[in-house]
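Two complexes come next, and they have one chain in common, chain A, joined by chain B in the first and chain C in the second.
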Partner chain A sequence: MRKNTTNRLLIAGAALVAITGSLFSCRTTGSQSGPISTDAATAVYVPPGSYDEFYAFMSGGFSGQVTVHGLPSGRLIKTVPVFSQHAENGYGYSEETKALLNTTFGFVPWDDSHHPELSQTNGVPDGRWLFINGNNTPRIARIDLTRFETEEIIQIPNSAGNHASPFITPNSEYVVASTRFSVPIPQKDISISEYKGNFKGTITFVKADSPGEMDIAFQILVPGYNYDLSHSGKGASYGWSFFTTYNTEEANTLLEVNASRNDKDFVAAVNWKRAEECVANGSAQTMPADYVHNYVDERRIAVSEEKSGVKVLNPADCSGLIYFLPTPKSPHGVDVDPSGEYIVAGGKLATVIPVHSFSKMIAAIESESFEGVVDGIPVLQYDAVLAGEVEDPGLGPLHTEFDGKGYAYTTAFISSEIVKWEIGTWKVVDRIPTYYSVGHLMIPGGDSQKPWGKYMVALNKITKDRYLPTGPELAHAAQLIDISGDKMRLLLDFPTMGEPHYAQGIEASVIKDKQVRMFSIQENTSPYAIKSEDEARVERDGNEVHVYMSTIRTHFVPDNIEGIRAGDKVYFHVTNLEQDWDVPHGFAVLGARTSELLVMPGETRTIVWKPQGPGVYPFYCTDFCSALHQEMQGYIRVGAEGSTRPLAFSTGN
Partner chain B sequence: MLIAFVTPIWKIKLDAPQYPEGLGMQIRINSITGEGENDLQNINGLNHYIGMKRIEPDSIRELKLMPWILGILAAAALLCAATGNRRLLYLWTAAFLIVAVIGLVDFYLWEFDYGHNLDLEHASIKIPGMSYQPPLLGSKKLLNFTAYSWPGIGGLAVFASLVIAVVTSFLEFRTSRKTTLA
Partner chain C sequence: MHVFKTKYSVIRYFSFGPRVLFATAALCGLLVAQGCGNKDEPGPSPASASNRMDELTSEQLRNGIGPVTSVDLGEYNPDLANEGQELFKIKCSACHKIDQRYVGPALNDVLSRRTPAYVMNMILNPEEMVKRHPEAKKLLAEYAAPMANQHLTQEEARAIVEFLRNTNNNQSK
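Up next is the complex of A and B:
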């Protein structure tokens, strides 16, 4: 008997060891080598001298910029400065670019950029422009994709925390903006505890299809919730835009608890075609609101215009403008399938993914299947609009993209995985772990009517052990996943810059052949340009000195300057006379408290320098331009304040 | 020969590691232009490192004479054909041959001048014994560049005309000999 018990204990112990062992081995293969099959390397290998298949545009998050990677290699090929000054090329420092960062708050040299969005034609990314939101100081930027340069930034008035932005309509009619943080509108000094009823949200439609002419088309005043994310309707649902809300509790403190009380929050469905009608028939009020619009003009110089007054629609004055679709548990992402029929919302704390049907929504509106009205906005019945629920979607579903082949892919932040499910049956067909805690995901064209359903990128929030450690701050991790087959297949890890939230991807051929290689010096219309070395000169106007300087391999004209005085404000207008591909020149001068300049062929850029004391100051080319790059330098002689030495300049004497 | 009025007579192409797309020059009957919009300017820019003279099409007298010379030769060819005068044909062929030889020699001399007559005072790159004369025909390595030189369509057309002229003259000469003998 006793022996029997011992034996049983031994067997139980052995079983425990076996189970634990299998758990460990499972974890090892599951998270490390298992998903990587040997041919993954060839799937992401882009041979030297070859191009990637796709451009991927990653938001920089707290870097305020956009980074451009090639897929499938994951190689970083460009940082496009947008909302943050970029000393690397003088963006936000040079006289030609400073104005892009102007706002009603003054010059704001940083932002938090979240969601890149490619321009579209007929619901398909067309590669003309990339838009991206500034979250902290509500703004939207437009980047030209023939130059990969920020060319326009518009400030969003009556807003705070521009998060659900800049999701685009299918023909680039509008990009949207909204208030993540509801605030008093118009702003006023009011107790925070009086949030309910006094704080409001706005949903903004920004005219987007005309470069240099972005403007606030109209705003919709909405209840004081948090407006989180958006996507536009397309195909069947063309003319509508969808926004998630949370904090329908209207809490003003400890939101992690207080904004998680309601069983359901809302997806707001906005009929922007109806909004256009209401604006046209005079239902909108003009509200005083100041904002700034910055754009690069035909001289390639950024200018700012101060604007005032926006058209604001109150839902009570424009019936049929907006409806609320009840959606479980603080929904985050809202994504529309390629057909436009299904609206998928990821409830951060939900146990299912609800999929709303656009046609059922229209039917519910027609039959007035309302369960209530909030601030003049009808709330539709959940069951009347629901197409289906995806069961067991992972914990913390956030964002969904589509492959154009009948499947949707949803990220689950808490369980750190991506689940693939079938549209129509709402059944999960595959799942793959991510490393770790995936936020957005991106399939090139995956939020459009025509996804390129070959690759998927997981954009993860936590990195931990994926790369060589670099102190406390680690690069964020992205994972490239092959979605061309039935089973998802992990191909590659690659680090990203800043914190990519969302991303966009597009087949390389749409963009690569449209690239500007240089600017024509003959067509340079900058008033500070010089067309040849003969025009180089130095002019004084009081204590302002203008140096009209040229660069060409491998010298500056002029490269000896005398007659500058301490306290002068010296403008270096540097024109790069090169007309050759990939030959920028740089300009840096000792004692500059700004940045360098990087001047593209045929371009003129200006930096201001204020010498503080007498002496001789060297300047030089910062971009290794030729074999004699190290010879590309010059000197400026600075006299004491009040010195009467006349201006003199030369090269080669 | 009239083809040479509308197409390049000669082409020079330069390849280097930094110029995978290449730089090119076209010599036409009355001009020298870059293959790409800025190629000539960039070739001149690169040449300044070795002290080579700028290639300024306006200062090359031959470009002004060439249309006349080729024009007169073409007109003479038509005259030969119209008159059917055998002696005129011989004369024309001889003139054509002489012009062609002078043309090639002249082209060679220009290349020699550009390649050897360097302003070493202002040259950054000075390599003792090195000259930069591009080849008349074929390819040649010049520092990091490989220079290729070959006739363009116009040049080939002129060459073809010349061959036809010589062959015609030869045939005519043989026929006339036979006729005389008979």
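Up next is the complex of A and C:
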């Protein structure tokens, strides 16, 4: 008995040595060739000091932000603030970033961000920008992927519930927006019970390919349905975009019952090339509509411009603009395969996944195989456009992505699984459970013309028992699944921020070598910048005081300031004189009711401080910057309101 | 002065900030040999660098470690010195004064203590200098704040040397 135990210990010890050895050995070329072992741990292990293979951009859902994870490790490597203020770096608090959150409703420091979308060239993610929608206050943001910073946000007028957004066209010509909630357009005071006929939807195309110049290209007025999701055509179907609808019943109450009566709703196929022609030939009407466009200018300061008037197309005035494809039943996702021929709709109450054929759709349009017309929009015959139906796809099919190898992967929310099926035969070939209630899924490039078909991420809505419990609210669960082989294989659970509603992924090499590491101090064109400590100063203008301050390891100039008065409005313009990577300095001051500032090397950021009473207030660097970081501090002396003490400032001596 | 072509600077040198330096310094103690670095990532290999202390050549001891091996100062060039003065103000003066010790040492006699090449290498390659060169190591121990890499070009570093020629006590011009 004892001997057996010893043997077992020896074996266990040998195994431990082997495992330890493999853990500490260098990750070599095997790491690039995919999960090579049957061991899931090996497949997701990225040794210390090594990089992940993919960037994954997760929407923050109700956090309003974007988080960036590495795949296959699942490690969280960045939070990019987009629609919500972010006290961690002063986004939405600093004078240079506040304007990004301006809307016609005023300053709106939160949104519900659902669908990140990478810019594309020739239908392939190119790693220039990431777009993401704001649902609640209809907006679209553009994030620059050399800096991982939000640089532009445009508001969508004539809209409510911007859910089917910002799905991009193959050369980033447009990102789209639409109304999940139909509303009176233009808005007016009207009884909700008069929904039918009075509430309308819009589909919006936003010019996207010119940084700082996003604008509403045109809107299309559509029936008062709920427009849910979208994807653009590509390849064969380039020039078209597809949108799902539900609530074709036009119910205005208890939608879970009243909007689920029709056997079929529609996929709306929009010919945006045709829309461009109609706009060019004057078929669009200009509607009064106010919206705000915010962008970071060449000084790295966000500015807002108020805009008015949009071009609106009525389908009746532009033949060939839009067609309805009957689709069972309350379809949610609409996804186009890499060739552009197949349009897959996830009918969340349907028992099959209908796949429409683009070429059959074109033939049906040419032969006018219509079963009716709604508000000037022809409804095509279901059988005339259908390529096939995937049977037994699981309960509640929602979203589909593609691996570029002939297979599609569809999430089934109710039965908590992902089914893999073959394009063309429409046969389910594999299925894998998810934990739990999967919504979107993401394969890097999986909604583009060139998927990187190696990993798939399931974005689950329900977490339950997957992590250590943390009170009533739990981090949403993402699950990494290996799709490199015939059988899907669960590799990893990892937690996410907010609701990771949808995601995009891209091979790391496309982005990682383009990263900006600092801003040149000589090229800093902020009017509040100082280029050297010689220029540091404090100036008074009535009750406004401007402190032009510098940081470098490891001091502020100035670090002793006197002559401030209670009731002053003090602007700290902090310029970081460092010219090296990974040396931001922070700035925080006692009594601030906003946030800190985090100032990147070579950059200038400004925060406003209003001292409330006399005293001496310390300020300090919040970002551990050097061995003498704890010495990086200063004091501001504040006198009573009306004090006549003159301004004075110094550093050293 | 210098011409910069882009509005935003896009500087992509490979070097590491102080946090990385501290972390790698700690790692050096732990790792016996070279660790699992990213093979495709250029940049200093701190773990191995620290072990090559005793391999410094007499040339490196004299002229420092970095891209500059020797400098022929030639005749004093006031235009270059003016350019150096302007650069010094923007990139260096937050830590160095000419006549007094500040965050770093006073520089009024630096050219009597160091060769021009040494000064340029300290400007251009401070991370490796403070890890490997015995004189730079001594200064790090004394001042605690490591010399920051302000990412000057070799030409800019040369201009600063010219400025220092003009300000040094033992004028070497």
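Criterion: the second predicted complex is superposed on the first by the 615 of 653 C-alpha atoms of A that agree within 3 Å, B and C clash if a C-alpha of one lies under 4 Å from a C-alpha of the other, contacts with A are read in each partner's own complex, and residues count from 1 in each chain.
In the analysis below, a contact is a pair of C-beta atoms (placed from the backbone, for glycine too) under 8 Å apart; a residue touches a chain by one contact, two chains touch by 3 or more.
Source: prediction; values computed, not measured.
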Let's test your reading of the overlay: on chain A, do chain B and chain C clash or fit side by side?
clash
Mind working out whether A:E298 is in touch with chain B, chain C, both or neither, as first, second, both or neither?
second
Once chain A of both complexes is superposed, is A:D580 in touch with chain B (first), chain C (second), both, or neither?
both
A:I552 in the overlay: touching chain B, chain C, both, or neither? Say first, second, both or neither.
both
Please tell me which partner, chain B or chain C, touches more residues of chain A.
C
Have a look at where A:S50 lands relative to chain B and chain C in the superposition and call it first, second, both or neither.
second
Check the residue A:Q515 against both partner chains and state whether it touches chain B (first), chain C (second), both, or neither.
second
For A:K531, is the partner it touches chain B (first), chain C (second), both, or none of the two (neither)?
second
Hey, what residues of chain A end up touching chain B and chain C alike?
518, 552-554, 578-581, 627-628
Residues of chain B touching chain A in their complex?
21, 37-38, 41-42, 45-46, 49, 124-125
Residue ranges of chain A in contact with chain C within the complex
26-27, 47-51, 146, 298, 300, 513, 515-523, 525, 531-534, 550, 552-555, 557, 577-583, 602, 624-628, 652
Considering only the defined contacts, which chain C positions touch chain A in the complex?
2, 4, 6-13, 15-20, 22, 35-38, 89-91, 93-95, 102-103, 144-146, 148-151
So in the complex, the part of chain A that touches chain B is made up of which residues?
518, 552-554, 578-581, 627-628, 631
